[in-house]
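The following pair of complexes shares a single chain, chain A, combined with chain B in the former and chain C in the latter.
Here is the complex of A and B:
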């Protein structure tokens, strides 16, 4: 081995190089290109660009559909964050206390199963369940005397139907994270609490919850990303953002601008606005959320 | 432990690995390869059978089927990327509503420029006279109008007769149809009627009342008094509780399950609906509006040539020529699309109403003009949906649509 090669081999760049190159190629360059694109009208086919300055930003911020998508994103977040974190947390505490191994495995499999289904497959089932005329949900509510609902085509209901399906589809992942975290809580700590007279509720709230707080924080961060990002699949398959944009969200708005209307400059401006928003939310999470996390 | 690999074994292994890559190309030989991008699923779909029939003729052109999505928008997105990368499709099924976009942005070729005026004329001469003008977008012939449909009413004949209605009744106006579906709903307890909520079906109501969505000069006129009258007739069954508004997939599922008496949608859905339905199905022409001449619209897609390579363009011409033949159209009509050619082919059972409607003359589907035409289309659908849901009065909604579309068309 030559001296130069040995020197190179010791260089941290050799190890970090591939990752840095990938980050530059697939993250930073696209981001810079997107930022540049947002100031132009650009034709993908003719490779012509017309300078538009801040027009796309002004246009987007003044667009009522953008306001609706922003408000819907807030509603999705407000509804899904407590559901996606709270319900799996409670279920995880309950499942961790199931003594019978077979029953425990059965529950875990059943609860996690929706997470491994693809949205298009799940949507076929849900489209049938939601059908206003022959769907199971209206049959069920009808037996309780509730008039039939238009779950996906009623502007007041569509967003809640998407929320319900997203919750059903995604909560299993957080359940898995919480179960893994609870399995790592030292038995001697809970045992000591039990000897000191703490009941199951006190044990869960005062002992186990602080000990799994890193997992809880991770779940909150990833859930926000899922709500901002992955919900697009559910929106597209179930409602296509309708009726009249009432179930759309920011990312679906971006998708429509870029890939339905082929307005790439405008879509780039929307992408930059979303990036700023996500950066702000993530900063707030770390600034205000992480102080409650115990890593010891 | 090491084991020597003989030259013979190495060569055999290398050949085995290379075979899947090399053989398909070898099987194409020196043929010109023409790829056809479309939206039709299924290994035995008529599009696959038409392609097989053409390729079996060994004309020196091999057509390769590429289903890149299930909607016109989806395949257009992918086509854009591949055109930008210099590997655009030779031929692509293009929705009529995307016609202007295809011509201005995607670069769909003017047939007269790539085939010459005489050969273009010869190709289009195989289509019925009333269809030929529809093949041109903005006066430019950029497509072969092989997949043409029109709105019709699908009737659940089992429910229809159970409701005591005349089994052969063919209401020709909405004013005749609505009392019939009311009777069906009251007697059977099933939902009487369902319309698809989009820009296309609503266009037929606007036109049948004497209006237009966009006039011949490309000006949005969807809020004219005639258009308002047409949309009032469109939403009337919703007001009368004869129509529970739902999405198109929901409507199809409910109708096929026998839960809806009558459904208005594209004639091209016929084969799928017939396969799924377990009741007697009858199709009737889309009723017009009393006191107005019938003016039904067409829909579907055309085949446009996107290749800029002369050899592929010539290959595409051979295929397009074959598509207009009796042999190809006999296969193609199994889709439920109309026989728009001059070929004398017996009408397939179930296609009679749509075919008769075409004979009466069809207008084109609205082609959304301008660089922001596709956005204008979305905006118009949103306003129509608001109107149908009762969120806004008809006149206000159509005015809202016209104002928004005007801005986008002018942009």
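Here is the complex of A and C:
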């Protein structure tokens, strides 16, 4: 083997190149293509593209179904952000104060268990619990004297049912994040606060909370990503966005335009709008983060 | 129970107490309340899974009984055989194993060398390449969906497992990032010594670095497998024929076909099959998984 060949075989690009190529081929190139696609009418069958300029953006922004999907996405976020951050946070503080280590580990295992499931598995399990005639929930409410509910087909209730399933399936992730962050808080800091007479509540709010703020920030971001990027598995199985689109969201709207009606150009415009939203939220988070988050 | 653990808890005996400690009885009460609250929280959290188990093993006449009892009187495997009769559940399971396994191997095959290059090697353009790979973490997945779909369809990979697998492997930004941190944490002298012994970069990576970061690799393998096993939207778009589906998307087909009123027993049996591997994997590899999730949050 000549020296040149050997050097080529040891080139760092042989190590990093495949990952770079994959990132370009499967993420960056498709991203640029989505932008391009959003300016065209595109037919998958005929491979024909017609220039439409900003028509798809105008059409989408004027579409009442899009408005509903946008408003619903706002509702998903408004409900899930406090739930997915608040509840795991309280649980993490409490769990960190459980002194019996084995019990604490058991609690953590149980609370995280739903989070390893997929959205469709979680959704199918709840589909059964929600069943209006023989589902467990109506059996339970019935035994309490509450009339049976149509959990998934009542327009006022459906989105809340999807929110409940999403919460059940994903709060464990934030719990783990908070627990790991709390474990990193130096013991002497909390000890000092305790000796100074701070009760467990004061310790949590005044000492630990500021110290784990990067984790808090991360939990907010993961929740936003779940709502904008992942929830579709739950929506599709539970309600297909219904009834009357009341539980639809931006991602589901994109799925319908693109893959039910095969309006790729229009769906690409929706994808760009979602991406702008995600970028905006991330940017706002970072700006907020710079001012309020301790990276210490 | 909490009082006995108090006595042995390290740190509590050695801590100097500057002011009178609160009465031990009150502290024990606090622990008791905590345990009670957590037992309730865990039962509520686990209940839907318990109900899935109950229904999966209940004979059909028991499934539709309005009941609050947690276990059927006569447990049976009939729902599993019924599920396999109604849909190609065995094939779905095999497809899920193939898809999740191939995605995991593919991601590791890309990420281990890349993580080694970014963490240990120095070369021109390294930082730019690193941003290009790890920056994919910030790209919402939906934005890649349509062109990837068009590309996969136009090269004839629609409704094939290959089409469902290959594009996902490219989304390995986090795995690269995590492994790079692991490689970076190794002492440089380790590689200096190997270099003097004449080991090239491949031998340094495979023979020296990798054995020292098995924990990190295992964590990423488990994380990738979980993620791939649970994938929904992409395989849902690409896989069409029933016998090409994975369990995750087969479940949706199962839930929406058949007479209204549903085959709930067989459906829960199938859901159990879809949940079982990830739950077992989680219980076995809990330590690695927790560390992986934790690092993703804390840096």
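Basically, the second predicted complex is superposed on the first by the 271 of 296 C-alpha atoms of A that agree within 3 Å, B and C clash if a C-alpha of one lies under 4 Å from a C-alpha of the other, contacts with A are read in each partner's own complex, and residues count from 1 in each chain.
Quick note on the criterion: contacts are C-beta pairs under 8 Å (C-beta built on N, C-alpha and C of every residue); 3 or more make two chains touch, one makes a residue touch a chain.
Nothing here was measured: the structure is a model prediction, and the numbers come from that model.
Three-chain overlay on chain A, with chain B and chain C in a clash. Shared-chain residue A:127: touches chain B and chain C both.
Of the two partner chains, neither chain B nor chain C is touched by A:62. With both structures placed on the common chain, the touch criterion links A:100 to chain C but leaves chain B unconnected. With both structures placed on the common chain, the touch criterion links A:144 to neither chain B nor chain C. Judged by the touch definition given at the top, the superposed model places A:245 against chain B, while chain C stays out of reach. In the superposed model, A:43 makes contact with chain B only, not with chain C. When both complexes are overlaid on chain A, the residue A:259 reaches chain B and chain C alike. By the touch criterion defined above, A:20 lies against chain C but remains apart from chain B after alignment on the C-alpha atoms of chain A. Once the two structures are superposed, chain B and chain C can be ranked by residues of chain A touched, with C on top. Residues 44, 47, 127-128, 131, 133-134, 259 of chain A lie in contact with chain B in one complex and with chain C in the other.
Looking at the complex, you find that chain B touches chain A at residues 73, 77, 80-81, 83-84, 101, 105-107, 191, 197, 244-247, 249-250, 253-254, 257, 259-260, 372, 374-375, 378, 382-383, 385-386, 389, 391. On the chain A side of its complex with chain C, the touching residues are 6, 9-10, 12-16, 18-20, 22-31, 33-34, 37, 42, 44, 47, 91, 94-95, 97-101, 103, 106-107, 109-114, 116-122, 124-129, 131, 133-134, 136, 139-140, 142-143, 168, 173, 176-177, 179-181, 184, 187, 191, 195, 197, 214-215, 218-219, 222, 225, 228-229, 232-233, 236-237, 251, 254-255, 258-259, 264, 267-268, 271-272, 274-275, 278, 282. Partner chain A is touched in their complex by these residues of chain C: 1-2, 5-6, 9, 11, 15, 18-19, 31, 34-35, 37-38, 41-42, 45-46, 48-49, 51-52, 55, 63-64, 66-68, 109-111, 113-114, 116-118, 121, 123, 126, 129, 132-133, 135-136, 138-151, 153-154, 167-173, 176, 200-202, 205, 226, 229-233, 236-237, 248-249, 251-252, 254-255, 261-262, 264, 267-268, 271, 274-275, 278-279, 281-283, 286, 290, 293-299. Interface residues of chain A facing chain B in the complex, by the touch rule stated above, are 43-45, 47, 127-128, 130-134, 148, 150, 152-155, 239, 242-245, 256, 259-263.
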